[in-house]
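Multiple structures follow.
Here come two complexes built around chain A, the first alongside chain B, the second alongside chain C.
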Partner chain A sequence: MSIRIQRVPSENMAGGLAARLIAIVLALSIAAIVFAMSGADLGKLGAHVFKSTFGSRFGLMDLGLIVTPLILTGLAVTVAMKVGAWNIGAEGQFCAGAIAATAVALFVPGPTILVLPLMFVAGAIGGMLWILIPTLARAYADVSELITTLLLNFVGALFIYYLATGPWLDPSGLSFAATKRLPHDVPGFWGDVHWGLPIAVLLTVALAGVLNYTRWGYEVRIAGSNPAAARYAAIPFRRHLIVVMLMSGAIAGLAGMFEVIGTTHRLQGGISNNFGYIGIMVAVLARGSAIGVIAGAALMAVILKSGIALQTQGVNISTVLALTGLILFFTAIGDELSHYRIVRSKPA
Partner chain B sequence: MIDFRNLSRRRFLELSGATGVALGVSGAGLMRPALAATPLAPVAEEDAVIAFGYVGPTSDEGWTWQHDQGRLAVQEAFPKAKTIFVENIPYSADAGRTFRQFVSEGANMIITNSTYGDFIYDVAKNAPETAFLHCDDRTLMDNMGVFYPSHWYPSYVTGVAAGHMSESSKLGYVASFPVPSSFAGSNAFLLGARSVKPDATIQVIAINSWFDPQASTQAARALIDNGADVLFGIMDEPGYLQVAEQRGKKAVMLNTDSRKYGPNAYVSSIMFDFRKFYVDQVRARLEGKWVPGQFLLPFGDGTDRDAWGETVPAGAAKAADEVREKILGGWNPFQGEIKDNKGEVRVPAGQSMSDNDIYNWNWSVDGSSGLA
Partner chain C sequence: MIMNVMLDVDRTAASGVAVQPIVSLRGVAKHFPGVIANQDVDFDLLPGEIHALLGENGAGKSTLMNILTGIYRPDLGEIIVDGQPVTFASPVEAIAAGIGMVHQHFKLVKAFTVAENVHLGWSETPGRISRDLLEARTAQIAASLNLAVKPGARVSDLSTGEQQRVEILRVLSRKARVLILDEPTAVLTPAEAAELFKALRQFAARGNAVIFISHKLDEVLEISDRVTVLRGGRKVTTKPTNECDKRILARLMVGQEVVLSNMRERKPGAKPISDAPVLSLRNVSARDDLGNLSLKNVSLDLRAGEILGIAGVAGNGQKELSQVLTGVRRASGGEIHVCGKDLSSRGAEEFAAFGVGHIPEDRLHSGLAPALSITDNVVIREYGKAPLSQGWMYRPSAAAALARSIAEAASVAVPDFKMPVRNLSGGNQQRLVARREMRIASNVLVAAYPSRGLDVGAINAMMSYFTELRDAGVGVLFVSEELEELFKLSDRIAVMFHGEVMGVVDSSQVDVETIGLMMGGQRSLEAGSAEEVR
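The block that comes next holds the complex of A and B.
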């Protein structure tokens, strides 16, 4: 009997899941070893982290607030992946959505019940506009969306700085490089956690349904996995590409809208908190599954919140960033490995 | 939600002098009497938790390092108390999460070294037993005091030296954001220089960060390319000093003595010392005497210039030090007529700017470009 290692074109579900779990456990173990080596009491640190996340009402609320934008940015990246596009620009679309929603909040008078839906629409359109040029460039000139979406992130972040320190600066003079406090608020869902969270979850489930169980979703998935085959089957690849990429931008824009209206209440530089970039990690962890997006976002939220709690114990924030990097790194290795299987064969 | 807007507007009016209260710097640095709030209950030293929230890394050899010296002084003065700190707190919802984490860990006092706005007000409002000290802020709450160093005086003094040393009469300023501290720093520096060279100008570049060595280095190069030969700024790191050193120009720094990064370029630095202030505030908190107030660390006591750099001509140092002595003796260098950079007279002849005016400065003086 000989043992061969064979590469298979499609990874298996169980392998992918196992790869993720092993990646997370490995990354956490490495972090634990580093902490232990620097003289930390692991039991105490663990108890502290638990109390600051799942173990207290405030901890749970913070998790809810962090997970909301992460689900949306993770979903945005995942949706684009379905049609074979890498949306690295969720960060920029997040900013654009925040800007558009803020514009409505600042300049459209009216009761919250009317203005809030307008902000929702504006946030989606803002994100959509931000990805429009990369989308058209990809669809008609085959320009890599990886580069164009990425570069627009910096434009988006700087545009917020320009608005928040320039024309939209709080006229009271009391704010630090921010707009005035927006006169509307997303209603509370549980404590500080606003309705953005259930809406993000519903949107994820709904989109998963559409992508998995409709003819349109089927065509998008075919177009994404094999554009040549899609063309042969008379599936309009370009149209699907454009529609799905715009959807992706709109979803990331919604993340920005909820962050500015529901959580920070002012537009100011830095509000994106890297949620757009972390959304890429969420999407990689999720492997294209909707439940995966929610689970991946939850995991990242726990890591980010733990990072805040760990810092008061003298752990540097860079350690936490390194931890998220390690998880991504091990997952990438695991993903590749799960394409291989061990074949035992008897000699002929 | 919190009705913060009304609160702040009323307080802002009080602060801006509209109520007619004269605000001067007293020896203790109290700009404005504390609120008529009842002091928080005393805390035993061994039970005390004092938390520090920093905008930059403690290793920045600048603003945050200087504040952390204050924390270490508190730890030394109250060895049984516990001090905790978090560095690199961003201007995002993460700031609020960090402050709330402090509260949930039992912090009796939270001291932050940058302007976190709502992210700190929202937490303070729900933590009435915790005292907050918020740097570079203007909003007092029943449990929140504010403080800042009066950096504009040494900025003026070093500006006098820069006026003597500049050959191109062009100065450069690496700003963070277009906020009052950037306006006050660049304006004071230029006014000092103009007292020597009336045609001096200053170009300002804002880099949207307090700590971004790459951006500050780029800004410094651009300023020098445009002819500036003495740089100043409000950075938490010595990047622009290194550029000045490489290019054979001069630089005035902020926070610490950083001459080792550019011994030939180093003119002086605006030095801060928060140790005494922090220890006093923490002591008051522990003894149950703490009430919030607005504090300005006075020139000569917590805010000053550093010893002059080795390449500063004796004449320039002497002229600047004479101005320093005059200011310490009570002279106000911020006297009319002062025009803004659009030509409008903002401070008429015969009037002068109060500390409070300068603390809230939001326009550029004549000869300054780039900020607003």
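The block that comes next holds the complex of A and C.
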């Protein structure tokens, strides 16, 4: 009789969920031990964190504002993964979308009802343009999109700094590093939470449907999983790669558009807040499932908001980041472990 | 086999020279999951000899040499060097015992000079040394071994033959007494090969020994003193080369006991072989991924209701042939007709639409998307047709139903159709691929090495699928390196060598030896003169 560990072929849903819950509890416990050792009042900290997330109307509104860009950037990364591409550049496409939407807001006169759709389209096109070169380089020269999309992030972020401190600086002189208050808003949906949130959720559901219930979605799946098999089955890998990567950029661009028009109302440096990078984590948590992006984004939003709450209580930012990392680390271990089971067997 | 070993011993005794072998292998066995790579192999290498190791692909030559050079450890048996049993934990220990190998694909650092490559990873390399001294050392070693190299040249600037000489120098500089060469002439021009043979004879004449791996009969006859033939992982025999000719070697290499079972016979009611070809190629040429012309002016006809076997040592254009015939690779010249329709410049989609199914070589890499579900994989040929698709809509439920029926036809028990297809065994993957392709193969099925890596049960399933198609009036093009299979199944056999068809023969009127000779580059014996071979 021996005991060995066996990898199970198909993952088990309940096990995966349980593994994640255990991961979060374990990470929080370790954090609690560290806080307790450094003399913090755990009860007070916990109560404060709860109040500033689920425990209050403002907490929930903040969560809603944070989760919107995360759903979109997470979706952008997930969609690209479907065709076998790593879009590390959601951050840069987010910036490009924000810039394009701001340009429309600043320079296109007209009533909000007409300008808003224009800003929406501009945001998407901005993101698309930002991923265009990496896409073509990958499709025609097999240049790794990992590097090219990543590098363009810095270009996007710095370009915003340039615009917000230079040509587009608020002429009133009231701010040093932002544009003026933009004349249009995304309409409110619930309190401060704007219509970006339901639109992001709808977009996610719609894309999940397209990927699962259209011929196109099937072809993208095959092409992304094995280009050689696609070639064998006469599925146009390159065309799908280009279309899906541009889509990915457009979705990340929309995240930037909603952030600037719906949340910050000004284009300012640092507006992307790492949402693009965190989108990669969201996608990893979602494990390639478009619907899973919503859950992954929600988890990340809670972690981020809790971190902000902890910082107001004097916990330093490094500790907060360590805690975030810990949760993700444990989740990853849990995900992997949920693929295994222990079997008892007689030795052969 | 035992007889032969005894004969060897007798001869050694009779010649009165009781020579101790430099290296002996005794009862060596190596098993990989599902594969016997080597079993009961005895092998003696005498000083001063060039010993050829002959066998088809998969005969176990490489595994045996990997055991001898410390890359693998044998499951059973022992390695004896100078009369002492040894175990090698790594190639470093093997080279320390004087056994070195030159691999078919060189293991040189291209950006380094010859001198640097020779001294790389060598315990005798001085810790600090100037470039000039290093090159001087190299020149000195090369001169002492009578190998002409340019110590200061970068390896990337050298010709293939020169690179091979650097590899040999690398091995010999470490005082190797046994030099193993894996198909060394495959990359050489005839002049370079002659040069190599000269160097090998000189090396052996100094009391060293060479093991020369090859499946080219001419070469083996030219260079070797003795030849050992492996087949199916076992040693067939060891013979002095002067007692052999091409015919004997071919017979030994491919085996005589080909079972001519009756799979070639038709069931009652089977459709007859058509007069007009269902697939025909006229002077088709194609290039491989590196741009080399790997298919040269091939003309073939495949008729409905027949199985045409393609024989040949792997890598002689069979892969490109099967890709060209299914639209996956474009022909660079010539014409391909399916049912009289010219598809020469069409893609995989049109070939599939014209009823050409394709079981690709290397199913995991090109026939399947390993990480995707079984359902996604088995519907890859029909996802665009009703009922799986209606307009642009794709119906997962219809796909699942089709997947179930394909799995049933293939007799594969699938616990969960959402499971990644890579979790199935190779045999079950291949059954699914085969059944999937049979559904669209209304005119032609191209099967490239369909039984490679499979167990007997799955191989038999493949064979019965092909006869089923043949009897239904489909033309089957069956690429294999197993002559036994080819004889069992094919009505005619085409033999490929260096991208060309050496000839097409009727499998009921040809013997294994003739095919073996054609695989080694002999033209078809259309004049019927088997005697010309000699």
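The rule is simple: the second predicted complex is superposed on the first by the 305 of 348 C-alpha atoms of A that agree within 3 Å, B and C clash if a C-alpha of one lies under 4 Å from a C-alpha of the other, contacts with A are read in each partner's own complex, and residues count from 1 in each chain.
By definition in this document, a residue touches a chain if its C-beta (ideal position, glycine included) is under 8 Å from a C-beta of that chain, and two chains touch if they have at least 3 such contacts.
Because the structure is predicted, anything quoted here is derived from the model rather than measured.
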- Superpose on chain A as described above, then tell me if chain B and chain C fit or clash. fit
- Task: Between chain B and chain C, pick out the one touching the greater number of residues of chain A.
- Result: B
- Vertex chain A; arms to chain B and chain C (CA centroids, nearest 10 degrees): 130
- Message: By the touch definition at the top of the document, which applies to A:Y232: first (chain B), second (chain C), both, or neither?
- Response: second
- Task: Check whether A:W216 is in contact with chain B, with chain C, with both or with neither, and answer first, second, both or neither.
- Result: second
- Message: Quick check for you: in the superposed arrangement, does A:T165 touch first (chain B), second (chain C), both or neither?
- Response: first
- Please work out whether A:G270 is in contact with chain B alone, chain C alone, both, or neither, and reply first, second, both or neither. first
- Does the superposition put A:L65 against chain B (first), chain C (second), both, or neither? first
- Which partner does A:A322 reach: the first (chain B), the second (chain C), both, or neither? neither
- Task: Superposed on chain A, how close does chain B come to chain C by Cα atoms? Whole Å, please.
- Result: 35
- Once bound in the complex, which stretches of chain C touch chain A? 326-328, 347-349, 352, 358, 360, 365-372, 376, 380-381, 383-384, 389, 392-396, 415-416, 418-420, 423
- The chain A residues in contact with chain C across the complex are 9-10, 212-219, 221-222, 225-226, 228-229, 231-234
- Message: Applying the document's contact rule, which stretches of chain A touch chain B when the two form their complex?
- Response: 52, 56, 58-59, 62, 65-66, 158, 161, 165-166, 172-178, 180-181, 185, 259, 263-266, 268-273, 304-305, 308-309, 311-314, 316-317
- Item | Residue ranges of chain B in contact with chain A within the complex | 1, 4-5, 8-9, 12, 51, 84-88, 90-94, 97-98, 100-102, 104-105, 114-119, 136, 138-139, 177-180, 206, 208, 360, 362
